[in-house]
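Shared between the two complexes below is subunit A, which pairs with subunit B and subunit C, respectively.
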Partner chain A sequence: MAEALAGAAAGKVAPGRLDVSRSQAVRRFKWVILLPLMLMLLSLLTPVLLLQLYFSFHQWTVYLSSWWQADFVGFDIFQSVFTDPRFGWAVLRSLAFAGGSTIGCFVLGFLLAYLIYRPFRGQALYYALFIVPMLTAPIVIAYTGQMLLDRNGPLNDILSWLSGHDIRVLWLSDPDIALLTVTLLDIWNWTPFSFIIMLAGLSSLPKEPVEAAQILGASAWRIFLEVQLPLLRPVILLALVLRFLDAMGSFPIIWGLLQGGPGTATETLGIYIYITTWQDFNVSLGAAQSYITMVMMVGIVLLAIRLLRREKRSLDTMYTKPRDAEETA
Partner chain B sequence: MTGQSLHRRRVLQGGIGLAALGATSFGRSALAAEEGDTIIAAAKGIGKTELKAIMWSNYFVPMKPPIEEFEKATGIAITSIKDLSTPTIPQAAMAEALTRSPDFDIVHLGSEMIPSLVSAGYLEPLDEYMHKANYKMDAVGDYANLATYGGKTYGIITDGNIFVHQLRKDLFEDADNKKKFEDKFGKPLAYPKSWDDDFQQMKFFHNPEKGIYGSGNLRSRGFGYVWFLMYLYSFGGFPFDADMKPTVNSEAGKKAIALYLRDKEVAFPDSPSWGTSQMIPHIAAGDVYSCQYWGGLIKLQENPAKSKTAGKWTYGLVPGGERDGKPLYRAAGMPVVCLTVNRNSPRKAAAAYMACWLGTEKSSSQIVSDRVNSFNDAWTRKEMTDPRVVQAYTPGGIKAIQANLQVSSPNIYLTGNQEFVDVLDKNLGQGYIGQLKSDEVLKQIDDDFAKVVKRIGTAKLKKDYETYAAIMPKATQPS
Partner chain C sequence: MTKTRRRRLAAAGRYAFLTLWAVIVIFPLYWIVSTSFKPSDQWFSWPPVYFPSPPTLDNYRDVWIGATSVAEGGQTALSLQTPFLALRNSLILAFGATAAAVLYGSVIAYGVSRYRLLSETRMFQLLMLRMVPPIVIVAPLSLYFSYLGLLDSMVGLGVMYFLTSLPYAVWMTKSFIDEVPREVEQAAEILGASRWRTVFEVVLPLIRSGLVATFMFILILNWSEYLLSLILSKTNVVTLPVELSKFEGSTEGRLFGRQAALSVGITFPLIIIGLFIRKHLARGFSFGMVRR
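Let's turn to the complex of A and B:
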């Protein structure tokens, strides 16, 4: 009774028995749905993770012994990863590549989504056209890129024609440009991903706030900046996080095009781990590198989840405030 | 007297009979099959066997006719392949080795992987089968040694991958060019015998505005190190001493890295990222004055249907360095692509005899003279005079291949080859694009090599070193 009074005083209605049993049922249903998936995931992942952990603490020289005969070396392998400048540079290159690709994909994807999110004739055609790059296999993009980006290739020819100067950019051979080149190709490949998410976000925006702002005489730019953008924040964050995580593990375009070269200019984490594990057959070092990368990615994911929750909370507050005000009135 | 006459008559009759038999198709096949008869005899008892191989289809396609012939005679055939490009086969082979899989019977790979795969217990020594089949790899010079390890043979060569020096004959023999060169350098424009001669000529002819680049040598990852090793060997250098202490940072290493880096002055600006697929069209189109390249390119660029520069090239021995004041020639013989046999395969005897069959002069000359699928190149002694092969490579081309095969030098022939190559790739690449200075490159290579040696084990690698040192060519220059 006291609780009910306290709840009423705080402006809340105590949940009825029916509500409680419904929420319990929903929770139970969630677990029923999730449990088999989680069990399957765990049973698939756990052996891999354990084996990887084993290799990270045991030096296995693949040519000379079986994996169960590998020598226990404690944290030596992790130490060698942390003191390896090549690994450090690979992390930095991956961050630069993933950051550049994420921003590029988002800006372009959002722009395209904003251009076509209102229904118009032929919208479906544009939609189909915009998602074509995502349907192209990255390795095909790499090999096509090799031809397009040649010093005497079509891209430089087009740039020369447009500028009226003879432009011969070494897109693939200049170590200062190579990482940018693969980033641009990745942007081309994955912009549709951001486009689809942003289009879904824009299409699901409530119409009322926009209409209210229009009635109040706000300009289109102001409506976008002060109404639509804040409402889209969780979607934007989701698009950024998903793209970033995917780009961090990007491999086929860089490998297909440059194998980490020229020099080590495009040697990102994925490339370096591949070289270590499958070219050098240094499975133990590759396992430790993968573990460190995984921990790093888990950290990013947790941060992203936290940010997403905060965005959701702030959005919920934004929606509940006017409703509360209405109810009070 | 009578007896003698009779004997002579019989011989004559026999000769006429053989000549008549030879004129028929039956006679031709019967005589031609002679070389592989012992292999067929050894393999016949095995019975029908379907073999699986890991092989690049570009190598497999021209092998099909001799495989069919072997199948008719013995019932043994390669019926399916896992089609992977040769550079990616080491990964697949190592995965098979680690799982001790019996799935694939034959793996067609670069012989530099033999030490690693033998150490991993994957490869079957072939000497016993070769002995039973009375088969011997009849390679030019010491080339067959490049498929041995610890005194045993583990691979049957199918591809004479050897560097040949080539330069543009039309430019080189042009009277005006000859005069200009002589006026400028005070010496005649002659075939380059040393790396310095070669560079001088490349620089002389380097004229990007006219679309001619001095050098067509490769400097990208996965390729550039081949040239570096060739330079290093040609100055008497070797990557390690007998105690497996890295010795790249040496006088020979300094000369090698200087050659490696100065190529930039006469190379395509794209060379840091160009592999064979980018460079070959430029060489065949005549955009290059000179380069050292795999002999297989000759078949392509001397094929008028495929090349604009057919007949415009001169081929010869790669330029040389010197050791103790004497010229030393070392041509890169890598990868020596060969057929190896899975030790875990229940069909390993059939696989071994199939490999021997494909390595006979008869099969090989048929395979290497294929002008369309030009991945397998000439390597046996008899092929050097086989009209089909000579026609495919041109007389000058085959002569150059023969000369270079006599001084063919291996890849880093140690367990862990791929790790050592990665060290070279990374540091040479960084040096070429200016991320490291030349002395830093050499120091870094030695430091990184030392780490790999420590990890694999000095004692193990010291044993490997014996093979590595033993398979280096004995001759300082071709005879």
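Let's turn to the complex of A and C:
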């Protein structure tokens, strides 16, 4: 298939020279390009994944001597992960954090994009301002959050001033609020991401369907719901899926701000794995936790890929340009 | 009458909402800047100090040159701080890994765009390198690296940055290469240029503004990376984000002012870069889903 395509492209250049040596050259070209990547993946990721598997089945902590002499314990470590309620809570917290951040970023980002996508005075300035949080390093956001959200910080001061009462919310040390706090910070950080994607989607919408609906006398609300929203489906999916995947692996904001605390109130999967491995030095347990997390994440990513691919396929068939059609024909 | 009034009200509402969000966006950045100029007694005061008075450059001096006279009884932790080393490492790592990833990524992207080097499925699978969180492999990775002698080395961290940047590099440059008309390459081919020359001397120069945008987009990600740097480095290859966390948790309390001073140095170059390429940001993660 690939050779046929390359051949077809070449056929246009020099008709009749579509021969074996050419397709060989193309194949060699492809191999030369891919070889470094394959070597890197093979020499780096394979041993790492094997090590991970080894530690998941052999009990070892840094207090024991050499890791290759560790005892084989079968599925014991996996069993202890599965029966560990703290791990279960970490999974739930990760899902809550990622879900909350995904929805928050999407709603805000979409709203901002919708308000800004038609040209108006000040549009460029607002756009430039709105993308700034995404350009800020997450660890900087964590430490800035610490200053802003302190009990005596400016946020409480501003809230007190606005409400007229003395408000002292313990954003960081109240275990009931802490997870919400880090989720809100994450939303602050990543709303630009959803905003940029939705803005690109909105401004690339074809104008004809909207105009047609306007002529038919549809209200702005109905045009949004029944014309624009369905057309935006692929972009919406993209914004949701990518944000969710990224938030599931989020580490610096929570770690820099609260290290999973107070107590275990903000201990998401990444934080728990980190604590197990680098604070308790229980490498095997950390490996098993990582393994389960990885399998889960790979599963979610594969599902996401299938979703995105299906959307891209339908887009590809919708938007096949005449030029492309000519060339593949 | 009512219609124009309603429209005016809607416009006012829109401006109000957008401005509110703009304030929410800007305030934390303002707070970093203002804290970085505050003397230490204004870091935690209640009510909070919004305008440092008098503004001081002490924090910048203490961060970059070293604390000469710090409040109550000298601070030993400061000797651990190596901002210039961290700055140098961050510069080399972010620029080096990003340049390598964009160069290699654009060659892969060319292969994909013109020769279907990777099927669509493989292209999406490539994203796994980015989408599966690194925390799930860093423990065995650091062990493996320590055997290879790559732990706490520029090469080790650089290789990881390179690998995690590659998916975005490929996807983003492909979106630019797809827009180059094939006739250009065919002309080069007729003139007898080899495939490699066609790539490096015809196609890539044509998309150079796209390459710059890709480079800067990935630079932002690598510059702010935290977890890999935290785990794969010890003392030699500390990067700026990890350096920043050294102001945390030490016995003498939180050093907000110095943290803020360093944060300004980490953040503002990125914001400038990002504003520079703002028009291209959508490409970084639209993965072929937004059609122009």
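Please note the rule applied: the second predicted complex is superposed on the first by the 257 of 329 C-alpha atoms of A that agree within 3 Å, B and C clash if a C-alpha of one lies under 4 Å from a C-alpha of the other, contacts with A are read in each partner's own complex, and residues count from 1 in each chain.
Here, a contact is a pair of C-beta atoms (placed from the backbone, for glycine too) under 8 Å apart; a residue touches a chain by one contact, two chains touch by 3 or more.
This one's a predicted model, so the numbers in the text were calculated from it and none came from an experiment.
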Tell me which partner touches more residues of subunit A in the superposed arrangement, subunit B or subunit C. C
Mind working out whether A:Ile187 is in touch with subunit B, subunit C, both or neither, as first, second, both or neither? neither
So, A:Ile273: does it touch subunit B (first), subunit C (second), both, or neither? second
Once the structures are superposed on A, label A:Leu135 by its partner contacts, choosing first (subunit B), second (subunit C), both or neither. second
Applying the touch criterion given at the start, work out whether A:Ala288 contacts subunit B, subunit C, both or neither, answering first, second, both or neither. neither
Quick one: is A:Cys105 in contact with subunit B, with subunit C, with both, or with neither? Answer first, second, both or neither. neither
Look at A:Asp150 in the shared chain and tell me whether it touches subunit B only, subunit C only, both, or neither; answer first, second, both or neither. both
First, second, both or neither for A:Leu258, with subunit B first and subunit C second: first
Set of subunit A residues, in rising order, touched by both subunit B and subunit C: 67, 146, 150, 278
Write out the stretch or stretches of subunit A touching subunit B in their complex. 59, 61-64, 67, 86, 146, 150-151, 170, 172-173, 175, 178, 258-265, 275, 278-282
Under the definition above, what is the set of subunit A residues touching subunit C in their complex? 1-2, 5-6, 9, 12-14, 25-26, 29-30, 33-34, 36-37, 40-41, 44-45, 47-49, 51-52, 55, 67, 108, 111-112, 115-116, 122, 126-141, 143-148, 150, 152-154, 157, 188, 193, 196-197, 199-201, 204, 234-235, 237-238, 242, 245-246, 248-252, 255-256, 269-270, 273-274, 277-278, 283, 286-287, 290-291, 293-294, 297-298, 301, 304-305, 308-309, 311-312, 315, 319, 327
As the complex stands, subunit C meets subunit A at residues 14-15, 17-18, 21-22, 24-29, 31-32, 35, 43-48, 50, 104, 107-108, 111, 114-117, 120-121, 124-125, 127-128, 131-137, 139-141, 143-144, 159, 163, 166, 182, 186, 189-190, 195, 220, 223-224, 226-227, 231, 241, 244-245, 247-248, 254, 256, 259-260, 263, 266-267, 270-271, 273-275, 278, 281-282, 285-292
Within the complex, subunit A is touched by subunit B residues 91, 94, 98, 116, 119-120, 220-222, 268-274, 278, 415-416, 418-419, 422, 426, 429-430, 432-435, 455-457, 460
